[in-house]
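Since the structure comes first, as structure tokens, the remarks are kept for the end.
Note that the chains are named A, B, C, D, E and F in the order they appear, and that numbering of residues resets to 1 at the start of each chain.
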Amino acid sequence: MATTKLGFIIQRPGYKSENQKLALTHAIASQSVEIYLDDDDEVICDVAFTGDGVLNCIKDQKALENYDLSSTESHIKMGLLCDLNILVCKEDLEKFGLSKSDIVIDAEEFGADVEVKVVPFEEINKMMDDVNHLLFF
Amino acid sequence: MKLVTFVSDYKINVDTLDRLKPEKLGIVLVENGVYHATTKENGNPSSLLNHSADYYVLLNDLETRGLTADDVIDSKVKVIGFGDIVDLIFNDYDKTAWL
Amino acid sequence: MGKLTIGCFSSLVGSMTLDWAVKLSGAAIEKGHKVDLWVSGNATMLSIQDQRAFKDYSSLEKPLKELMAKGLNVTACEACAEARGYNKDNTMEGFKRFSMDWYLASTFNADRVLHIGGE
Amino acid sequence: MGKLTIGCFSSLVGSMTLDWAVKLSGAAIEKGHKVDLWVSGNATMLSIQDQRAFKDYSSLEKPLKELMAKGLNVTACEACAEARGYNKDNTMEGFKRFSMDWYLASTFNADRVLHIGGE
Amino acid sequence: MATTKLGFIIQRPGYKSENQKLALTHAIASQSVEIYLDDDDEVICDVAFTGDGVLNCIKDQKALENYDLSSTESHIKMGLLCDLNILVCKEDLEKFGLSKSDIVIDAEEFGADVEVKVVPFEEINKMMDDVNHLLFF
Amino acid sequence: MKLVTFVSDYKINVDTLDRLKPEKLGIVLVENGVYHATTKENGNPSSLLNHSADYYVLLNDLETRGLTADDVIDSKVKVIGFGDIVDLIFNDYDKTAWL
């Protein structure tokens, strides 16, 4: 049994590029990766929002209403439903004057058990140390 | 000239806006440019708001990003729709620039 | 009523810049203006038929066809399309393909030009 | 010798980022490494057959086929491709199409991963 | 007889986007636009490099040798061959410590009669005032 | 970790590089990132060169833009090829970041 850990770092605001959403859909794909792997082998994906990337987490995104397109918010919630470890940089939120109440924290309506974690950058640094490979977006 | 410019990024990688000298300048914040209307960094509003210009921000692009008219920090920035952009282009300015 | 020529060169397809340009075209047509839409570079991607509509991806075939029915004139740069393997056979019905001079000709009698090329 | 997994999500096709990724793949294969190349988002454009080779546009079909003959493993994200109208029928021979989990699986036993997603 | 004048402003460095080259190929297309117009009607395109865009003008670009791709330099020369009015911002060149000898100035080898003009931004501003429409890249 | 980062833009729109704390850092200048190795603005070299890191610049991307090894303004920046990048990735660092 072996585990490969990947760290997805989202550093830029979304919508003008689809990369932020693709980061989440790729991380969510860790749920089905076992079809390619031996029994008990796995790939685990952690996701962190840093810098301007934390703007992706502002809640009540009306992308569907305005552009008929699913929102980054809905992708974050889907990630929670899949038990992804999703981190948001505390210092960057504070820089923008944002607090926990402004951003997506849970996906209770979908029955997700885990929540988005607002953490100091130091903890994101630790995650980056821990994983096998980094993927910056 | 009467120039209406469109700013679609939050991090701007050109200095053109600082150098243009139109007789009338409009700045329309669209796509990720809408954050200039709503977001302070360390308490400071975006320096993009310092031009001598008429400012507009597109409601659709605010809402898409989880923002509303109430989040606009400076009352000089008017919240508008796509139809208003069409009117600005045809009625209030003679040239456009997507920066 | 006037004529607006929009050029979109944005490589940021899959972004929302093309969505934005299509929305603006719709708003202008709604107000009775004539609109020419020119796509060049990676924006020629807009011209391909049978794009599958997922809610996770920008899907513009439907709104585009509705606007074309209302008079939107939309043309892709032929060389930019061919270089990407977008040929006549997989081009959406009603989507024109011409050389770059078509865009310049469209600006000739346009009242306003909005060129979205920044990147 | 090791295994390098390269992921390219760059919307900047028609730019040189895909050219760059293909060059790096070639250099790694030259040195005896195994290379998996995953393209997602607009980079799936790389998978289309019959891209016309003009000198004014990046043209990667030829170098790509040469590298595939030398063992380069290249796969496009199926959903990203379908959303753009790039379907099975217009995919270059030898170019694979899978779900996103293929990329993660490729990283599982990769010695190094270079993910080009910045934009 | 009528003339429409377009101003192409190239503000960013090239290669990472093809837009800078497309600006030049579109401006060059003014040579064949008459097929769509009435006799004596014409479209004239002026091109200006400003800001980081002046980096596009550095000479001896070896894109063909390295990436099998025609260079932005060759597109500028083709523009001169088509008698385009091509301006480069003097202040921006100076900011980068570049002089006339570092950049593409003529295309004598192709028999071009006109040269690239290094001019103060003031003159580019005047060009922008004069044209009917602006196209920023 | 030992991290090799790739910088492909001249105007950088993320601050990540300022915040990473790897035990060993490599910075490879590629695509339009090569200008950081060659270009001064108003006489000042790019602040990107101020990190405590090993610096590299890709010759192919210099040449493509009309630049040569002689244009590199700081001798701490080593001029390399694609093969060298492969060796850096496999032999000198354990993680990569394209910023």
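Convention: contacts are C-beta pairs under 8 Å (C-beta built on N, C-alpha and C of every residue); 3 or more make two chains touch, one makes a residue touch a chain.
From a predicted model like this one, the values you see are computed outputs, not experimental measurements.
Peer 1: Return the chains shared as contacts by chain E and chain F, ordered by label.
Peer 2: Intersection of chain E and chain F contact lists gives B, D.
Peer 1: Check every other chain and keep only those touching both chain A and chain F; list them.
Peer 2: Shared contacts of chain A and chain F: B, D.
Peer 1: Given the touch definition stated above, what is the smallest step count connecting chain D to chain E?
Peer 2: 1
Peer 1: Over half shared or under half: which fits the residue numbers at the contact of copies chain C and chain D, same or different?
Peer 2: same
Peer 1: For the pairs A-D and B-C, output the one whose chains share more C-beta pairs in contact.
Peer 2: A-D
Peer 1: Per the centroid of Cα atoms for each chain, what is the distance between chain B and chain D, given in Å?
Peer 2: Roughly 38 Å, centre to centre.
Peer 1: From the mean C-alpha coordinate of chain A to that of chain E, what's the distance rounded to whole Å?
Peer 2: Inter-chain centre distance comes to 43 Å.
Peer 1: Distance between chain D and chain F based on Cα centroids, please, to the nearest Å.
Peer 2: Whole-Å distance between the two chain centres: 24.
Peer 1: Among the residues of chain E, which ones contact at least 2 other chains?
Peer 2: In chain E, the residues touching two or more other chains are 11-12, 15-18, 25, 52, 67, 133-134, 136.
Peer 1: Taking each residue of chain F in turn, which ones touch at least two of the other chains?
Peer 2: In chain F, 8-9, 11, 13-14, 31, 60-61, 64, 96, 98-99 touch at least two other chains.
Peer 1: Taking each residue of chain D in turn, which ones touch at least two of the other chains?
Peer 2: 11-12, 14-17, 23, 41-42, 56-59, 80, 112-113, 115, 117-118
Peer 1: Okay, what are all the chain pairs that touch?
Peer 2: Inter-chain contacts occur between A-B, A-C, A-D, A-F, B-C, B-E, B-F, C-D, C-E, D-E, D-F, E-F.
Peer 1: Touching residues of chain D toward chain F in the complex: what are they?
Peer 2: 2, 4, 16-17, 20, 23-24, 26-28, 30-31, 33, 111-118
Peer 1: Of all residues in chain D, which touch chain E in the complex?
Peer 2: Per the stated touch rule, the residues are 12, 14-17, 19, 23, 55-59.
Peer 1: Please name which positions on chain E make contact with chain D in the complex.
Peer 2: 15-18, 21, 25, 64, 67-70, 75
Peer 1: Note which residues of chain A are touching chain B in the complex, please.
Peer 2: Within the complex, chain A contacts chain B at residues 13-16, 52, 55, 58-63, 65-67, 71, 73, 95-97.
Peer 1: Name, in rising order, each residue of chain A that touches chain D in their complex.
Peer 2: Residue positions touching the partner: 2, 4, 6, 11-12, 17-19, 22-23, 25-26, 28-33, 35-37, 41, 43, 45, 132-137.
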